[in-house]
Structures are given as C-alpha cells and as structure tokens.
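Got some structures for you, see below.
In what follows, subunit A forms one complex with subunit B and a second complex with subunit C.
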Partner chain A sequence: MELFLEQLINGCAIGSLYAMFGLGFGIVFATLGILNAAHGSYASWAAIAALAAVEQLKLPFIVALPIGVVAGGMLAVLVDQIAFQPLRRRGSEMLGALITSIAFWIILDNLAGTATGQQSLSFPRGSYPGTMFRLGDIPLPAMQVITIAAMLIVTVSLHLLIRHSRFGAAMRAVGWNQTAAALGGVNPRHVVIITAFIAGATSGLAGVLGGITTQNVSFLLGEGLLLKGFAAVVVGGYDDVRGTAIAGVGLGILEVMTSQYLSSGLRDGITYALLLSFLLLRPRGLFGSAGFSRA
Partner chain B sequence: MKNWSRQIGIRTLATLIALALQAGPAGAQGLAPGEYKVGFITENTGAIASAGQSYWNGAQLAADEVKAQKFLGGASIVLDSKESGSDAARAIQAANQFVADRSVLAVSCCILSAVAGSLKPIVVEAKTPLVIFGATASGLPQPPWVYSMTILPGPKDTATAVKVIDAVKPKTAAYILAADNDAFKGRMNATRTALEAKGVTTAGVVNVLTKDTDFTAAATQAMGLKPDVILVYATQGAAAGAITALKDRGYAKTIVGNDVLSPAPIFKKMGTSVVGVPFPVSFSDAIVETPEAKAFVAAYQAKFSAPPDIYSAQGYQVVWFIAQGLKSISGQPTRESLATALSKISKIDHQVYGGEVMKDGQAETTGTLVVMWNAEGKIVPWTAPK
Partner chain C sequence: MQALGDFWRAYQSTVAFAIVNAFFALSTYAVLSAGILSFATVTYAAMGGFVGARLVLQSGLDPMLLLPAAAGAGALLAYIVALIFLRLESHWMALASLALILITRVVVINVPSVTGGVNGLSLPVKLPLFVLAILLAVAIAVFYRLSVSWFGIASRAVREDPAVASSIGIAPRRIQTIAFVISGAVGGLGGMLLALVLQFLSPDTYFVNIAFTMIAAVVLGGSYHWIGAIIGAAVFTALPVIAQAIVPHFQEVANGIVLLLIMIFLPRGLIDPRAIRLRRAAHGASADAARGAARIVEGKP
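Moving on, here comes the complex of A and B:
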C-alpha cells in the first residue's frame, strides 16, 4: 500500500507536468487554430533560460523560475509573429501552419542542442528546493509538491481567465471567428499575441519544473512533453482546461502504475491506445463541447 | 638460332630485372605519399551527441598527430565527415556515399549497435574496411572488413560487480535496466549470473527506456524491492537519471554504475549523486600512466579545452589503428590492401590504455579499473564504504 501511494504521488507529479504543458498546447489550438509542433521547444528553451539564470547570473530559483516562464512566453510570441501571422494574413489552412510549426520545431531544437553543447544538463543541487517532506512513511520531495501546486494554480487561473473574464470572452470569440470578433470590437492581433504568450509561458513553466525534477535540461525535454501533452489535450477536450488538467494527471498515474504493475515496455503503448480510443470514440474528449469545430 | 636464343634469354633477363627494379624500390619506399581519405560518420547531433562529439574530437586529434609526427612519412589521413545523428537511415545513406567515393579508403562509424549492424552488410558487400568506434554488441567485427575499437564493457561490468559484492557482501540485488538496449540486457544478464553464483539473490529487475527522462517512479519501484545493492545497466542519460532519483529518494545502500558514468560532464550534471558510485573504466584522464596516454590527455586538453573521456580515447584509437594499417602498406593503398593490413594487426602500437590488442577484429585491453567520482569531482580508485 505504501508503494502504491508513493507511486500515486509520483504519477500525479509527472502528470502535472503533462497537464501544464497540455494547457498551453490546448489554448493555442482552441484560440489560434494551430496544432503547434514547436510547442515542446518553448519548454526546452524556458528550462535553458532558467538554468542560465541560475548558473551564469547566479540568481536564486525564485527569480530564475519566472525568467524561464517569461522566456517561454516571449519565444512563443516570436514564433507566432514570424511563422504564423503571415499565414493567418493569407488565410492559410491548418495544414500550412502545422508544416511551418514542424520546421520551427526542428530549428529551435537544433539551436537548443547547440546551446547546451548537445549535453543533458541539470540544475545544480541546492539551487532549487530539495527538502524531502514525509507523509508518514511516504517521502514527498518539495519539487513534487511545487509541481502539483503549480498545476492546480495554473489550471484554476486559466479556467477563470477563459470562462469568467472579458479577455477570456475575447479569446473565445477570436477562436470562433476572427473577423466577427473584430467587428465586435475585439483586436484579434492583441488577443493572438497575449494568447501565444500565455501558452508559451505555461509550457515554459512545465519545462523549468520538468527540467529540475527530471534532471534533464536539453532539447529532448520538450520533445518528451509534446506527445504526452497532446494526449492530455485530446483526452481532456480541446476547449476545457479542466479536462486537460485531469487527463494530464490521469496519464501520469496510468504511466507510472503500468510500469510498476505491468511493464515499462507497455507504458507508452497503453497511453497511446487510450489516445486512439478517445479519438475514435469520443473525439471531443472528456470535457470538450460537442459542437467544437476543431475536434 | 643460337643468337636468337641468346637474344631471347637477354630480353627475358632484362624484363625480369626491370620488373624487379620496379617492385624493389616500392617495397623499400613504403606507403606512397598523399592524403588518404577516411569516411567518418559523426553523431554530433541527436540524443547521444555528447558522446558523439567526443569520438569525433578524438579522431580529429589523432589525424592531426599522424600528420604532424610524419607517422606515415609523406602521407596523411584526412577525415571526411558525414552526420548521422545516430539515425540508422542517415548512417546508411552516409555509408553508401562513402562507398561510392573511390577516394575513401575506409569508413568509421557508430555508437549504437543496431546502426553498426545495419552498415555491416553494406561495407562487406562493397569490400570497404569499417572501423567501429562505439557500438558495444559482440559479434560485430568481421575481419578483414569490419573492426571494432570499442573496449567491450561487459566483462568489465561483471568484474566490477564481483569486486563490489566481495567487499560489501549483500544478500539481495536489484537491477535497473534499459530494456530497449540489447547490449545492456546482455551485460546485466552476465553480471546477474555471476552474482547469483556467488549467492546474491535477485530481488527484481526494474525496466526503464533509453529515452526516458523521469526516473522517480523507477527509483521508487527499485527501492520497493528492498535490495542491499542496486546495479544500473543503462545508457548515460538513463543511468544518471536513475542514480540521481535513487539518491534523491534517500537510497543509502550501494549503487553500482557502469562505464557511462566516466565522462567529466557527468559529475557536473549529477554532482554529489554520483560520488562514491563504483564503475569500471578502461580510460580516464585522471588515471593515466603511460607517456602516450599523458601526451594524449595534454594534447586533447590543449586542442579542445576539455579533458578527454573514454569516447575520445576510442575515437583516437580508430585513426591510429587505420594509420598503423596504412604504414604497413607499400605503394598506393587500396581498400583491399588496407583491409588485409588491418587484419594482420594483433597489437596496437600507439595506444592510450597501457596495453591494447586486436583479437578477431575486436580491440581488447587488459585489467579493469574500478573507480568512482570523489567529492572534488576527480575520478579515483573505488574503495568500499566502511
């Protein structure tokens, strides 16, 4: 039982990373209509920026974390304005944006590999909270607590922003029809830029926290999150952040329990079998609305 | 008739003398001067690029030294690189291009055994010597066409585990294994058999995958088996991640690693997590004794501003091995003559291990250094915890 609970917490922690990553991925898809393959690179670059802040600038974790998050957001805006804005102006379809995003994914990953010297780096010990809490006999690392807490805060904040604020209404309007939103007094370009920033920053947060908890700051960091984040979005539903969060955590738990009680070889197979099942049987996901056009 | 016979005899003699003169000076002059091209399939990008760059650096240094020392007289080795990113398809494409280029005398490649295995039939068919710099699966060499300068870590793993077990005397052992890597699976099984023969019960095997990045669950699973010792058989990233996760979760008993822990960036990445973990190594810049090895460390440090690791040493040995083969050839070398020359090498003359022989196309070194990282970031001989 003790082992089960330990693994449950491990699953929640890794699932929280998938969830946070998936939140940004889902927002971009729901609002901007882009299936952005470069989204994983934002996580990698955010972790690299935070690590540089710690190692080169000797900044504490509490400052390096927001630097990484902002870096992820800024990179997302940059990519959006360079890669996707021209396509949007020309009224290009989703396929064009997907191909463009794959090109940026490869470019950004190559640059990340160069920036890290093709090494898998890690945050120096002592540069982040390393306390080990205990729930009875169950160890609970501080970074796992921070990761789960961050996921909950981000999910609630995004849900409130999208569903209960004027900006959220503007995001949904732009996601539905940019021309109609503009006629209604919304500035679509501002909405697009802010949405891209939020998505990149969320991905960046997952990248920095993931880089610390997995001891892996490299271009592979975002690649690992990309497919799992995508699965979380599909299973949870594209247009509801609560679904993405629950699905992300669920995927993490499923992965860990599969490794513990079945086989690590089956882990990814089961995850993607679940993804395929949802695509076939419930394409709008757990919480997605039936009428969502992009599902 | 007699004159005619004499004329024939004189002409025949003259022809024989001329032929002998033609062959004679060539035999004495050795390798014909020129630049001889070796195709080097680099792995400077991709998931294992950190090791790939070390192999490439070592090879470049050796090519420079061969030229600077005039080891081949007026001849030199030129490395022609094509990148594979450790991808089999790209490696095959590069190998085919090198095979098609008749100026390429030999090819060197591969960290991954599967990639090396896929190139093997291509070079054998094309009769082009291939010297493997990193793949560890046994059975890859096939003289006269395929050679491996990789020091096979399997026997050294077992020797290390036995040495540690003799000192620590555990009752149970658990293994963390990169289940998608056949070479590591073979190495783990050999060690497991040796330890079980010594009465160490296997508590269980925890499988991870090479591309995994999170090892918290695997560490929890391994610790849940409550073993006295955990042995890690995984590639560099996975081994580093698994050991760090074990230490982070408070595992205080013995962990045994493997040779992937030896490169310097590992200490920078893992810090105190790797301190005291025993692992075998064939070459370490911190434990060098021969003049050749010391010169190699100094030259590498000067050229790349970093210390060489085991991968650099293996890349370095590839070029010196080819150079030794070329040196024994008279006149203009061909792929066939180089293959024959390489097949005759039984001992590497210029090497950094303190003893390296070639056996059936496979490089071997004697002895196993069981070492560990100390708190100052130096590799030192392993000592059992008190």
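Moving on, here comes the complex of A and C:
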C-alpha cells in the first residue's frame, strides 16, 4: 500500500511537469494557432540558464528559478517575433508555421547541445531544496512538493487569467480572429508578445523543475517534455487549461503505475497509445470544446 | 587525379546518405502532393528497414533481391494506415502521424526478436553506391511518369481543393489512398537502404529526427514538384558537411538557419513551378511587346 501511495505521489510530481509544459504549449496552440515544435527547447534553455545562474553566478535556488523562467519567456518572444511574425503578416497557414518552428527546433536544440557539451548535466547537490518530508511512512522530497504546488498555482492563475480577466478575453479574441480583435480595440501585437512570453515562461518553469528533479539538463529534457506535454494537451483538450492540467497529472500517474506494475518498457507506450486513440476517436480531448468549420 | 580520388572517398558516405534522404523526402512528397501532411514515412521506413534487415540476416540472400520485400511491407503498412487515418481532418492527421512515430519506437523496443530491442540490430552487409544511384534513377523515372499522368493531375486537383475535385468526378479518398501506398513503398525501400548504409539499426534510427528533417527537406526544396524533394534532401545532407569546414561545432545549426531563411523569403521552396511559369510568361510577354514595337517602327501592319 505504501509503495502504491509513494508511486502515486511520484506520478503526480512527474505529471505536474507534463501539465505545466502542456499549459504553455497549449496556450500557443489555442490562442496563436501554432503547433510549435521548438517549444521544448524553451524548457531546455530555461534549465540551462538556471544551471548557469547556480554554477557561474552562485545564486541561490530562489533567484535561479525566476531567472530560468524569464529566460524561457524571452526566448519564446524572440522566436515568435523572428519566426512567426513574418508569416502572420503574410497570412500563411499551419504548415508554414510548423516548418518554421522545426527550423528553430534544429537551431535551438543544437545550440543547447553545444552549451552542455553534448552531455546531460545536473544541478549540484545543495543548490536546490533537498529536505525530505514524511507523510506517515512515505518519504516526500521537497522538490516534489514544490513541483506539485507550482503546477496548482500556475493552473489556477492561468485559468483565472484566460477566463476571468480582460486580458484573457483579449487573448481569446486574438486567437479567434486578429483583425476582428483589432476592430474591437485590442492591440494584437501586444497580446501576441505577452501570450508568447507567458507560454515560454510556463514551459520554462517546467524545464527548470524538470531539470532538477530528473537530474538531466540537456536538449533531451525539452524533447521529452514536448512529446509528453503535447500528449497532455491533446488528451485534456487544448482550449481548457484545467483539462490540460488534469490530463498531464493523469498521464504522469498512468506512466509511473505502468512502469511499476506492468513493465518499464511500456512506460512511454501507454501515453502515446492514449494520444493516438484520442486523436482518432475524440480529437478535442476530454474537456475541449467541439470545433466547427463552415464549408 | 589523386586529389579527386581522395575527395570521392571522403564524401562517398555523404552521397549515400543524400540518396537515402532523397527516398524519404520523395515518400513525404508523395502524400504532400495529394494534400496531406504526414510524418508516417518514418514508420514505413522502420517497417521496411527491420523487415528487410531480418530477412537478410535470416535468409542470407543478396539484399538486392530482398529490396522489393521491404517496399512491399511499407506499402502494406501504408494501406492500413490510410484506412484508419484518412477519416481525420488534415491537422489531426498530421498529429496522429506524429503519435504513430512515437508508438513505433515503443513497439521497436518491445519486440527484440525482430528488432533487437534496445541493443539494436547489426547488419554487416553492404550495398555498392552505384546500386543506390540506379534505384534513385528508377524512383525519378517513376515520379516523373506519375506527375505527367492522370494521377498527377488528379492529385494536384485534390491538393488544391478536395471539395471541388470531388465535384468534378475525382474521388479524393481514392487518390489519397493511392498516394499513401506509393509513399509507403518508397518509404519502406528508403528504410531498408538506410539500414544497409548505416549497417546498424537502433530504436532511435527511425524517430522524430528523420521526420522533422525530411519534411523540412521537402519544403526547402519545393513542395510543389518532386524534384524539389530530391534537391531539398541533397541540400540538407550536404549543408552540414560544407558548414563543418567553415564553422565546426555549429554545422547542424546551418540547416536550421537555411530552412528559416527559405521559409521567410521563399515560402514555396527553391523549386517553385508557379514562379518559373510566371517568369517564363513575363519574358514571353516582354518579348512579344518588343516584337510588336519593332513591327510598328518598321511600318508593318
């Protein structure tokens, strides 16, 4: 029983990483209509920036974490303005944005590989909170508590922002139709930049926390998060923040349980099988709204 | 002469990889020309590669005899994929094909009897370069003939607008299924060629990297003509090798930068039949205007 609870908490922690990354990825997909293949590299670079802050500048965790998050956000804005803005002006569709994001994925991942010397680095012990709490008989690392708490805070804040604030209404308006939003008094340029920053920062947060907990700071971190976060977005429904969060945590728990009770080789398989099934049977996800298109 | 020989020996493997990548790019182009973005070429390649490698290892036959088996396996898998995936909308299908690649890797790891599992499969059989070149020439002939046939025109119609195409009597589903089967055959063949060139297969051989670079190659070269796929694959393979001489450690980044520049400035790719046609028409029009002006000057009617 204790093993089950311990693995449940592990699953929640890993799932929180997937959920947070999925939130950032989903915001870009839902509001800007772009399937961003480079999103994973924002997470990788946020982790690298935080690691550099800890190792080179000797900053404490509480300062290095925001540095990583802001780095992720700024990188997202940079990529958006260089890559997607020229396409937006031309009015091209999803394929063009996807290919351009692939171009940036190639560039950023290879630069990240060079930055980490083609290996996977880890945060030095003591640079992050390492206290071990106890829930009865179950050990509870501080980082897991931080990760799950961060996911809850981010999810609630984003939900309030998108559904219950003026800026959120502006985001949704721009996602629906930029010209109509402009006619309604919204500055699409500002909204797009701020949305990109929020998306990059959220994924950056997932990247920093993921880099610490999985002891793996490299371009592979971002790629792994991208695939799982993408699954969370599809299964949960890409236009509902709560759906993505629930799906992300659910996938994390499923993965850990599959690895524990079935076979570790099938661990990724269960996520991807769910992803494919949802795409084939219910593309809008568990909580998404049904889209409609006019002929 | 000696320098030429050394040059050839050094870049022989680059040419071999360029030809293999051309097969993958052609496979992606085959479905893109019917209006579908699909990453499933990687799955067909994995099928062809592992089936072909297993057959070579177990039967000891000449790999050239087993190439059709790889192509056939790929085509069969593509037909099944087409049956399931074609009911989806276009952007869900692209994502579903991405999910298919992810699942392929999990399957590859979990069937070690066929694929060697996590440790991979070693294939100590080689294929001479001229065979690769001959196969590419055959593929070029096939794609050329397809592009000037009824099927080529029908695919262009379906790509432009499936609703209009079906209203003039072309069944989009049928054209797209045929396109999938062609893509599967070419992809399966390419997969086996990759296995013979690398001489070692691991679960990561047929994964997301190939998927992204192959779609990028098609778009870079020009997604509106089959020769664009081949040129894009050649550029994508040769560019890092050239860049290595100029900026070592950053050679892969060169691919990304070139792709980015093409997407911003030449979104229809390097080989764009429409731009060529427009330019030819403009020259023809200005030549006609010049001829007309000359006649007026000479006083002819």
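Basically, the second predicted complex is superposed on the first by the 291 of 295 C-alpha atoms of A that agree within 3 Å, B and C clash if a C-alpha of one lies under 4 Å from a C-alpha of the other, contacts with A are read in each partner's own complex, and residues count from 1 in each chain.
In this section, a residue touches a chain if its C-beta (ideal position, glycine included) is under 8 Å from a C-beta of that chain, and two chains touch if they have at least 3 such contacts.
Since this is a predicted model, take the numbers as computed values, not measurements.
Enquirer: After lining both complexes up on subunit A, report clash or fit for subunit B versus subunit C.
Expert: Superposition result for subunit B and subunit C: clash.
Enquirer: Go through the superposed model and pick first if A:182 touches only subunit B, second if only subunit C, both, or neither.
Expert: Neither partner.
Enquirer: Is A:124 in contact with subunit B, with subunit C, with both, or with neither (first, second, both, neither)?
Expert: So A:124 only meets subunit B here.
Enquirer: Give one of first, second, both or neither to describe whether A:10 is in contact with subunit B, with subunit C, with both, or with none.
Expert: Touch status of A:10: first partner only.
Enquirer: If you stack the two complexes on chain A, which partner ends up touching A:152: first (subunit B), second (subunit C), both, or neither?
Expert: neither
Enquirer: Please indicate which partner A:272 is in contact with in the superposed arrangement: first for subunit B, second for subunit C, both, or neither.
Expert: The second partner, subunit C, only.
Enquirer: Could you look at A:110 and tell me whether it touches subunit B, subunit C, both or neither (first, second, both, neither)?
Expert: In the superposition, A:110 contacts both subunit B and subunit C.
Enquirer: Which partner does A:286 contact after superposing on A: first (subunit B), second (subunit C), both, neither?
Expert: Touch partners of A:286: none, neither subunit B nor subunit C.
Enquirer: By the touch definition at the top of the document, which applies to A:259: first (subunit B), second (subunit C), both, or neither?
Expert: Once the two structures are laid over each other on A, A:259 reaches subunit B alone.
Enquirer: Looking at A:194, would you say it contacts subunit B, subunit C, both, or neither? Reply first, second, both or neither.
Expert: neither
Enquirer: Taking the stated contact definition, name every residue in subunit A that is touched by subunit B in one complex and by subunit C in the other, in rising order.
Expert: Common interface on subunit A, subunit B vs subunit C: 110, 265, 268.
Enquirer: Under the stated contact criterion, what part of subunit B meets subunit A in this complex?
Expert: 44-47, 49-50, 52-53, 179-180, 206-209, 211, 213-218, 220-221, 224, 236-237, 240-241, 244-245, 248-250, 265, 268-273
Enquirer: Quick one: in the complex, what on subunit A touches subunit C?
Expert: Listed in rising order, the residues of subunit A that touch subunit C are 35, 37, 82-83, 86-87, 90, 92, 94-96, 98-100, 102-107, 110-111, 114, 223, 227, 230-231, 234, 265-266, 268-269, 272-273, 275-276, 279-280, 283, 295.
Enquirer: Tell me, which parts of subunit A touch subunit B in their complex?
Expert: Per the stated touch rule, the residues are 3, 6-7, 10-11, 13-14, 110, 113, 117-122, 124-125, 130, 132, 139, 141, 144, 210, 213-216, 220-221, 224, 255-256, 259-260, 263-265, 267-268.
Enquirer: Would you mind writing out the residues of subunit C in touch with subunit A in their complex?
Expert: Residues in contact with subunit A: 37, 84-85, 88-89, 91-92, 94-96, 98-100, 102-103, 105-107, 109-110, 163, 208, 212-213, 215-216, 219, 249-250, 252-253, 255-257, 259-260, 263-264, 267.
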